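If you scroll down you'll find the structure; I have some questions about it.
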Amino acid sequence: MSPEEIIQRRVARELRPGTLVNLGIGLPTGIARYIDPDLGILFQSENGIVGMGSRPPEGMEDEELTDAGGSFITAVPGAATVDSTLSFGLIRGGHLDVTVLGGLEVDEKGHLANWVVPGKMVPGMGGAMDLVACARRVIVAMQHTAKGRPKIVPTCTLPLTANRRVTLVVTDLAVIEPTEDGLVLRERAPRAAVEEIVAATSAKLIIPDDVPEMVFLD
Amino acid sequence: MSPEEIIQRRVARELRPGTLVNLGIGLPTGIARYIDPDLGILFQSENGIVGMGSRPPEGMEDEELTDAGGSFITAVPGAATVDSTLSFGLIRGGHLDVTVLGGLEVDEKGHLANWVVPGKMVPGMGGAMDLVACARRVIVAMQHTAKGRPKIVPTCTLPLTANRRVTLVVTDLAVIEPTEDGLVLRERAPRAAVEEIVAATSAKLIIPDDVPEMVFLD
Amino acid sequence: MKQAISPQQAAEMVPDGAVLMIGGFMGVGSPHRIIDALVAAGRKNLTVIANDTGKPDFGIGRLIRANAIAKVVASHIGTNPETQKGMIEGRIDVDLVPQGTLAERIRAGGYGLGGVLTRTGLNTIAAKGQRVIEIDGEDWLLATPLKAEFALIHCDRADFVGNLTYELTATNFNPVMATAGATVIAESREIVPVGLISPDNVNTPGVLVDYLIRREAHRVA
Amino acid sequence: MKQAISPQQAAEMVPDGAVLMIGGFMGVGSPHRIIDALVAAGRKNLTVIANDTGKPDFGIGRLIRANAIAKVVASHIGTNPETQKGMIEGRIDVDLVPQGTLAERIRAGGYGLGGVLTRTGLNTIAAKGQRVIEIDGEDWLLATPLKAEFALIHCDRADFVGNLTYELTATNFNPVMATAGATVIAESREIVPVGLISPDNVNTPGVLVDYLIRREAHRVA
């Protein structure tokens, strides 16, 4: 499994039947392919659809049916399209069960920074601040390190996306749960040793006696 | 002409082509019958319709098409139905040109009281507070006196509907315009003398040299 | 796929003392079958957030007559003298809210807002106890969110996954209440298979809806 | 009955330096013909309130490339490096607003609210300069209303009196912007006679719309 696939398949296990889920652009988008369609999980895209489907067949794209990245999508049976106010009403009103987003940094308080690198990358927060501040569960799906540098750090050096503790961090090395006491190492990726994870993490990790290996859906 | 007809026909003259108008339940509702349908005036009812029409034919009433008083209505061609949030968005966002409401009292500041008589009649304000606070123009359509007692008073004794100066007061005796300087007597009803109007008004009236008689549409 | 429950099952979910939002405007667009079931179940001490209390023994007026309601948050009770009587006799606590403010407060509850600023009611007795926020020299009233344990709504069409559409002036408070109830139960004039309501025509996405009320007995099967 | 004007006439109404809202999400659901006409008319110093600035030379990106925009209020400019370049070079003033907050601020402008309270952005740099309101020990950010001189929107269908419907994800910010522009100009995929859009299917009542953009040349007459 590639690092991306480890992350995507592990996050897929977190998504429960019948829930409403928002997958961020990029790595999180790929999670959808590991979801059993029979689970009745609905994907929301904040540009205004509940019940986003996969890519349309070549030649059948509709220029008025796209995801938040501007890519062509389809609508599943039972989908609903909504305007931006209701779309964010769903997000902000606690109707969105899970948002899965990429991360630049997560710190010991469970704070996430993922929208700006001052002086370098200023794309804007888009819907990320709403999603992180308001979704019921926030799952960060990211590589454990960037160019060898830990992304799980004592305190975020980049501007925060929200002052809220995220629910779970899933990387290619580990599953980490931010708690009131700090970051708890919950699972190891296949073939990742606890020592390796600790070495790749600059934040303090709380390490339970038992850190099982990740389990994936078939 | 009956007192009601004087009021209704005079208010009808205030409604301009192509505008959006909300007529309160009761006397104001009857104004619609004096409006030329070719003027393109749209009537809104705050329960959720823009483009309210007259009563439906007997036997063709729709229980899901009513006005704010719960009476059966029709929809004119080009009508739109809206939910309560957008209905009041139209009212509160300044999209409603005119509201015409009944009144219990109007005072020298142009303040209107029309929703409650403490201890006696506590129906609730319904949409009246929104309409009076937010419509671009507020026209009060009411009898000049109630059981011989003036309704245009120095200071409202009843609780106000809004702390906003209404645009115009049309009664069976007079047209009165609240201004920064006070209440200006603009017009007399047919056969009403200025002295008679002054006698029926406990508020101070500013009386211009010329107080013409009301003119009505044919 | 949502579950289609009977009005009786819906009423059984609602405990005495529950906080309910009930859609409708003078009974137009109210969930009449659920209301009847609540009356039949003998519910007591309900708090009802609604535009009005219907008419005597009609719409929410059925619950008023049955003495099921201890508190009302509404914009208008003038069409139901029984509510006024209950208020005067101290049996029913009535909190009157301007209609537009009521709609925004429910929306704030459903949309996760901490409140909205409105000029409606400013410097009137309806502003009593409410906070005034000054912005650039202008005063605004702070209208706070309303939520409910149950939103009981009426709609025109529902599909099997709970997408809803509304009709004409029966729309009123129903869509906004569907966002603000912890449990949302929708009584629909008809229930249709998935796909019969186009995504563009959905007013309330099914994710907001928990239960549909099952159809009444049909003449054909 | 609304007037159907050409994109050129629409562009002529908009003066240099005007404050515009422009619908669309990365160009999807943007009024492309009006945008092209603004570019052709050589407009300058515009302030544009929109979700994003499209892509290079696409959607609002056309106005960016034409140097027509001096200020942007948006949630995202990441898909248009030319906007980022203009910001870094000091040619374009960019005010970044979380997407949900942007939608609510526009709605507040259109619905006559003094603002809404949100938790999005609280204690982040996006909250800089904004007022924090405490309610029952909880902090909220005050999001203030946005209005525009012109709202330039896209829709799917318009009827002769300006009632509008939207399609799929081309809906996005268009309906809410239609409430918040002093002058609202709608570019519709088709314009149909009154009566072809049922009152229930109208998303934006015609009273909010000032002008329609006339149809493109037809192949039949």
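A, B, C and D are the chain letters, set down in written order, and residue numbers restart from 1 in every chain.
The working rule: a contact is a pair of C-beta atoms (placed from the backbone, for glycine too) under 8 Å apart; a residue touches a chain by one contact, two chains touch by 3 or more.
Model, not experiment: these values are computed from the prediction.
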Partner chains that chain A and chain B have in common: C, D
Chain B-chain D separation of Cα centroids, rounded to whole Å: 35
Length of the line joining the C-alpha centres of chain C and chain D, rounded to whole Å: 32
Chain B-chain C separation of Cα centroids, rounded to whole Å: 29
Junction residues of chain B, two or more chains touched: 49, 75, 81-82, 85, 88, 91-92, 134
Per-residue overlap in chain D, given as positions that touch at least 2 other chains: 104, 107, 111-113, 118-119, 156, 166-168, 171, 199-200
Graph class of chain-chain contacts, one of line, ring, star, complete, other: other
Which pairs of chains touch, using the document's own definition: A-C, A-D, B-C, B-D, C-D
Chain B contact footprint on chain D (complex, rising order): 1, 107, 109-113, 159-161, 163, 179-180, 194-195, 199-200, 202, 205-208
Chain C-facing residues of chain A, complex: 20, 40, 42, 44, 49-51, 75, 77-82, 85-86, 88-95, 134
Touch list for chain A against partner chain D, complex: 45-49, 62-70, 73, 75, 81-85, 87-88, 91-92, 116, 121-130, 133-134, 159-163
Residue ranges of chain D touching chain C (in the complex, touch as defined): 104, 108, 111-119, 133, 135, 138, 140, 142, 144, 156, 165-168, 171, 199-201
Chain D residues touching chain A - in the complex, by the definition given at the top: 25-29, 51-52, 55, 74-79, 84, 87, 94, 96, 98-104, 107, 118-126, 156, 166-176, 203
